[in-house]
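Read from first to last, the chains carry the letters A, B, C, D, E, F, G and H; within each, the first residue is number 1.
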Amino acid sequence: LRQGFPEVILGLGKTPEQVVEILKLVKDRNHPVLATRCNDEIIEKVSKEIPEAEIHELARCITLYRDKVKIPEGMGKVLVISAGTGDLPVAEEAVLTLQMLGNPVEKLYDVGVAGIHRLFENYEKLLDARVLIVIAGMEGALASVVGGLVDKPVIAVPTSVGYGVSFNGLAALLGMLNSCSAGIGVVNIDNGFGAAFLANSINRIGRNVKK
Amino acid sequence: LRQGFPEVILGLGKTPEQVVEILKLVKDRNHPVLATRCNDEIIEKVSKEIPEAEIHELARCITLYRDKVKIPEGMGKVLVISAGTGDLPVAEEAVLTLQMLGNPVEKLYDVGVAGIHRLFENYEKLLDARVLIVIAGMEGALASVVGGLVDKPVIAVPTSVGYGVSFNGLAALLGMLNSCSAGIGVVNIDNGFGAAFLANSINRIGRNVKK
Amino acid sequence: LRQGFPEVILGLGKTPEQVVEILKLVKDRNHPVLATRCNDEIIEKVSKEIPEAEIHELARCITLYRDKVKIPEGMGKVLVISAGTGDLPVAEEAVLTLQMLGNPVEKLYDVGVAGIHRLFENYEKLLDARVLIVIAGMEGALASVVGGLVDKPVIAVPTSVGYGVSFNGLAALLGMLNSCSAGIGVVNIDNGFGAAFLANSINRIGRNVKK
Amino acid sequence: LRQGFPEVILGLGKTPEQVVEILKLVKDRNHPVLATRCNDEIIEKVSKEIPEAEIHELARCITLYRDKVKIPEGMGKVLVISAGTGDLPVAEEAVLTLQMLGNPVEKLYDVGVAGIHRLFENYEKLLDARVLIVIAGMEGALASVVGGLVDKPVIAVPTSVGYGVSFNGLAALLGMLNSCSAGIGVVNIDNGFGAAFLANSINRIGRNVKK
Amino acid sequence: LRQGFPEVILGLGKTPEQVVEILKLVKDRNHPVLATRCNDEIIEKVSKEIPEAEIHELARCITLYRDKVKIPEGMGKVLVISAGTGDLPVAEEAVLTLQMLGNPVEKLYDVGVAGIHRLFENYEKLLDARVLIVIAGMEGALASVVGGLVDKPVIAVPTSVGYGVSFNGLAALLGMLNSCSAGIGVVNIDNGFGAAFLANSINRIGRNVKK
Amino acid sequence: LRQGFPEVILGLGKTPEQVVEILKLVKDRNHPVLATRCNDEIIEKVSKEIPEAEIHELARCITLYRDKVKIPEGMGKVLVISAGTGDLPVAEEAVLTLQMLGNPVEKLYDVGVAGIHRLFENYEKLLDARVLIVIAGMEGALASVVGGLVDKPVIAVPTSVGYGVSFNGLAALLGMLNSCSAGIGVVNIDNGFGAAFLANSINRIGRNVKK
Amino acid sequence: LRQGFPEVILGLGKTPEQVVEILKLVKDRNHPVLATRCNDEIIEKVSKEIPEAEIHELARCITLYRDKVKIPEGMGKVLVISAGTGDLPVAEEAVLTLQMLGNPVEKLYDVGVAGIHRLFENYEKLLDARVLIVIAGMEGALASVVGGLVDKPVIAVPTSVGYGVSFNGLAALLGMLNSCSAGIGVVNIDNGFGAAFLANSINRIGRNVKK
Amino acid sequence: LRQGFPEVILGLGKTPEQVVEILKLVKDRNHPVLATRCNDEIIEKVSKEIPEAEIHELARCITLYRDKVKIPEGMGKVLVISAGTGDLPVAEEAVLTLQMLGNPVEKLYDVGVAGIHRLFENYEKLLDARVLIVIAGMEGALASVVGGLVDKPVIAVPTSVGYGVSFNGLAALLGMLNSCSAGIGVVNIDNGFGAAFLANSINRIGRNVKK
């Protein structure tokens, strides 16, 4: 464990008891901690047992830390773009992870391709970011459009939003992997955490550059 | 067979001999005819045996008729939009079918999402059309973008252009079926003919409307 | 938002609170509104909070408007054909959407291919329509049969009705995309809304034709 | 090996040498023999080496026998129905197998669903048969239509005819397995032989019934 | 509806109210009736509302008739073979359907390939049947083994019994369609009804044969 | 590289030049070597350039060694069972690999489930082996049958033999993984080498057991 | 049933009543018995009805025996390696099965590839085992890494741990079947029992070797 | 087109004539150019028509430029890691693209997981890089192992190397997307170009950082 780096717990597949136990353990080690993919049972149990834990309903996440995470020098802005309402939990998981890892975050939500003008109205946000995370379900076309507008690293997160032949995010994943905009890195369906983790490792390059 | 309506032959899976035979038969009945999906062997054989047949290399099609097809009154423009070079054969198959069926056609080629500005520069073409056919491979995002810009009937044709997880057009097909732009009708992969056929039946509504 | 055009909300993946909130918002703007894919919780909540909202149980939809939608001049009939009992919710979603968008609708239900004579007994309904929507699950053969009987635009909606290798509508979707009847436009599984939206844009051509 | 029952060789995956060798062996045992799925190389080699072998080009089959197969008492007619030109090789493989096994065969070709009236014009053929084999590619809807018209055993053979999402016959297979007409037995894609084999075992029931 | 032929209702996807309503309707027409795929709610509701209905728990079926079905002259035995305990509901659905349609039925249960000797110990049952239905999940090998032992019509029913890559019956389905034993007719996963329906139409040949 | 252990080269995806080069290199190191998956070009080139190399046509393999491989003490017999003619190349690849690794090999070919009696006639061979490799395409049922007859380690190799929904070996693979006979280890499609490698590591246990 | 060999019951798909009944039956025959895949209802019912039954919560298993299983002479150690917390139920099912079959078991848990150093720190455990079982979900890379480190029989069990394109264990299964480390035998997803069964049959070779 | 930035042509799906034409056009504009996925026909034609073009056989690429690309200040090393011989063309395509875009490149080839020690022996190369590209076919486990060893951005490229259930790279793709090592960005199968493009956009961050 690196100094200051938060511990991350994947709530998915863990019992509320297990999550509480790990949270307490890490807390005692005086370490910031983030738990993702927490269902209602986990959230309820943690709220009761560890009142100082912060619950992030929409993101289905829990955080626990003593001192607010400081943004290290040299970090650029990470822009988190999402297509529709259903993509919000994944977007918020990414945002929270980015913040816990010390990244300044900008959000641009609800700019799906069906109303593409909203994206263009916020063009300066795209220009202002160092790394972009694009989160979309259904056909995932938003990643291609964003990728075509910037020359910066774009990380695409397909989400399970949709029905029928969206196949729980597979259609969006395939769309993103086949994007005609070159150089988009794709992560697993709904994996907001993974995208943020990668964005952070990219963003830190600015920090490590010998001036 | 309706009066003036061309006969259509699917070359795929037919021997050059079979295609020549059918072409001659229909020609003798003095009927316009269109053969699609003709490979090199078919084209060579037909060129030799029926010199008056018109070869459309890029479209992989053959036409044969006595009098040029007349555009019936009341028909609107059909706009055929395609994403990249690889989509041209499918686009041209659609164009040819539309023309043989008596539709005025406008083309807008090479406006893939990676260079989306080219699409916007031609926005008036979109406004000018009655029906739009969007042809794209890879992730097929172009259909969503076009669908978001107009309120007219949009027919989407996924193409087998791409590699890896494009799965010979499946990714584009799924993208189009899941489009966040409402009301796009999708046809089989590479089926330029089917899209044109549907566009024609839509366009004819203008003709049939009692004034 | 175009004048008189209803707002459409996709209930799927929204909480009852979210749906109520949006409905109230749009209602205050004095705009007709249609909510699709509303589950029991949404319907219950809306019934309680917005008593003037109209519940359409079978269609799983909610509508809310002040003045009944007027059918614009020049609109033709849209015929909604369905195969079996299980397809009714999708068919009714299409019907409701069509009506909210100002289309005269005719229904022809329960005419699956296993009892094909019922379809033929209603042949005049097919002749009488301007656009046809065919809704079927299992193997989806109804679309091919209808497509073979008419020269009009046919929109096919595969449904998730079936079991085993129906794969929740995939078999019907593939059947419709591969239809040997040319020129059928296909939408996503269970997407009655999308089919109606496309049918409306086609039907409006009659309206827009310059006389 | 039962008395009079022909030996069957699957040519697929065998070298011309292997096929010739087996044919000679069986011939020496004075046994009727049928070789299916024979490619050009096999056919050429056999023609040269065993001139008395009968080549069935369209069916891609070879037969070799001394005395013409006799149709046993009690056998009914097997009707082989096919949808389009591309299905002919599979249909002919079925016909040949049926004949080699001693079944009277009736053919009804080119009655695909897009021109369904041709099927109805031959309705008496359906009534006249004891067992029906339906052979179709693309969406395979023909099986459902036939199954809805008769109460007799129907065996469906999906073929690899089609392109795009026909997935080499998979779409037709799924269509047939999901048929809303009850009681259709399905065999592997392009398996005309297997369908004929099953039809024969059904037809023989008539023979075996104790009067 | 043919004289004496039972009405069949597919319970799957119907509400208890709908099933009760149809049952009462058919009963009033004095017609035998079979309802398949009835879940607990349907069974409970029917038990209460129509006490004379017969519940078949294991088969998940309901029957309702006045006079016991008579077995017509000329019918042979149908043997229903199943592999394991999990296949019983499908097997019993087939048995019940066969009986309602007037077929003498023999059962041979729990003879899966892992203990193949049990099948051989009952070899005379195989010889005694006119038609065989083989019901198996997991890898479905039982169909191949039975098909290799008899020359009679074999109908194979894959079941959704299994886990992991059984893919809810897909593995068994593929196994049966690829069987190296020629001439097996396959129906949809868990479709005991369809297999019985086909077996009945085959068995009736014996009845219809002109003596 | 362990003493005496042969080097193995995967010919698939290598040019003839590359294979020749590696073969010469290893030969110079005086090491036995086996090349698998060698196509005609590789075989031709190697025959010409390294005349002392041994070509195994059917197995598509090449071997090259100075001293014949000795069978170490304590090794048991490995029985290689295959279903049909098409499986022979895979079976022979397994046999050759086993021999190069120092295992006594017994063969039992052409015992597919459609003629299951041939397997039973050779029952003593099953009893006599220490490890069994079962190689089958199509539905792969042979693995289940063999697994049900013995308590020894069974390794199953699905082959790409078949057509239609055999999906190039996928059906056989799924069948083997779902086998109702417990404890069968499965390898990749057509991977005779891998099965032999595993069988050898199992067989060597006998050698390593401290007596 | 061999002397001393435990009876094994698959709880999956059985009612609590069925499991209790079988357990009592086998117990009366004075036979050790293992029930796998037991859900909460089964466990509760068995605890109440058969108090002497031993419940293994984590493994979802139940055992029942009179005398502790003795480890036969000649058996080596089986090492059960697992990647993460989610894999524990499968790992414990394997361990329990191995023990019931008389194998000495060593465990090496939580050594997933993301923290590969933990595996290397326990290298001597790998050297000490006769057979290895590797249990992993997600991408299943652990099997390849372990397979590359040892020359012993490795059995790989993919688990359904993961989300998105883990497809409930399919990704891990494919990874293991494609492993670049030669000679890994793979079993069905989550099939800890099957892996243990195979490991036992391998381990017993040591026992059977004639000294 | 940005100053100095090379034009990139995808050779796949283009005729030799088309490639030559585009190459000449760009060359005349005095712009560096890279053509990827060039088959033998393209390479031959270009060699003849544009002798100054540089052919990269292994990478299947062609480059054409006047002045050698300069590496801009602030760029870090990109490490390209590959698993086996078959992955070389993809690796070389990545290397060439990186160089054309002005990145210092380090190579680490042939370090597949089956011989993992080779990777560890080169650990300092991993430490020395700013961005890592991991290229592997079969099960793609190499990406997980590398991702577990470093905290830097890792881009994974699945390749179509393998056979059977490698499904032309799908297994590797799924493995990489499911990696238990957090924060790996994945591109399409065989897309060495895309990975390099993304790596370059990441590497340039160092350049753009305001010091």
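The rule is simple: contacts are C-beta pairs under 8 Å (C-beta built on N, C-alpha and C of every residue); 3 or more make two chains touch, one makes a residue touch a chain.
On a predicted model such as this, the values are computed, not experimentally measured, just so you know.
A.B. asks: Which chains are shared contacts of chain D and chain E?
C.D. replies: C, F
A.B. asks: When B-D is set beside C-D, which has more C-beta pairs in contact?
C.D. replies: C-D
A.B. asks: For D-E, find its twin among A-C, G-H or A-H: the pair where over half of the contact pairs carry the same residue numbers.
C.D. replies: A-H
A.B. asks: Rounded to the nearest whole Å, what is the centre-to-centre distance of chain C and chain F, using the mean of the C-alpha atoms as each centre?
C.D. replies: That gives a centre separation of 57 Å.
A.B. asks: Between chain F and chain H, what is the separation of their C-alpha centroids in Å?
C.D. replies: Centre-to-centre distance between chain F and chain H: 36 Å.
A.B. asks: Which whole number of Å gives the spacing of the CA centres of chain C and chain H?
C.D. replies: So the centre of chain C lies 48 Å away from the centre of chain H.
A.B. asks: Round to the nearest whole Å and give the separation of the Cα centres of chain A and chain B.
C.D. replies: 42
A.B. asks: Using the touch definition from the top, which residues of chain A touch two or more other chains?
C.D. replies: 164-166, 170, 173, 177-178, 182, 188
A.B. asks: Taking all chains into account, which pairs touch?
C.D. replies: Final set of chain pairs in contact is A-B, A-C, A-G, A-H, B-C, B-D, B-H, C-D, C-E, D-E, D-F, E-F, E-G, F-G, F-H, G-H.
A.B. asks: Sort out for me which residues of chain G touch chain A in the complex.
C.D. replies: Residue positions touching the partner: 85-86, 161, 163-166.
A.B. asks: Would you mind writing out the residues of chain C in touch with chain A in their complex?
C.D. replies: These residues of chain C touch chain A: 12-14, 18, 160, 168-170, 173, 188-191.
A.B. asks: Residues of chain F touching chain G in their complex?
C.D. replies: 2, 8, 74, 76, 130, 151-155, 173, 177-178, 182-188, 193-194, 197-198, 200-203, 205-206, 208-209, 211
A.B. asks: Contact residues on chain H for chain G in the complex?
C.D. replies: For chain H paired with chain G, touching residues are 83-84, 112-116, 138-141, 144-145, 147-149, 162, 164-167, 170-172, 174-182.
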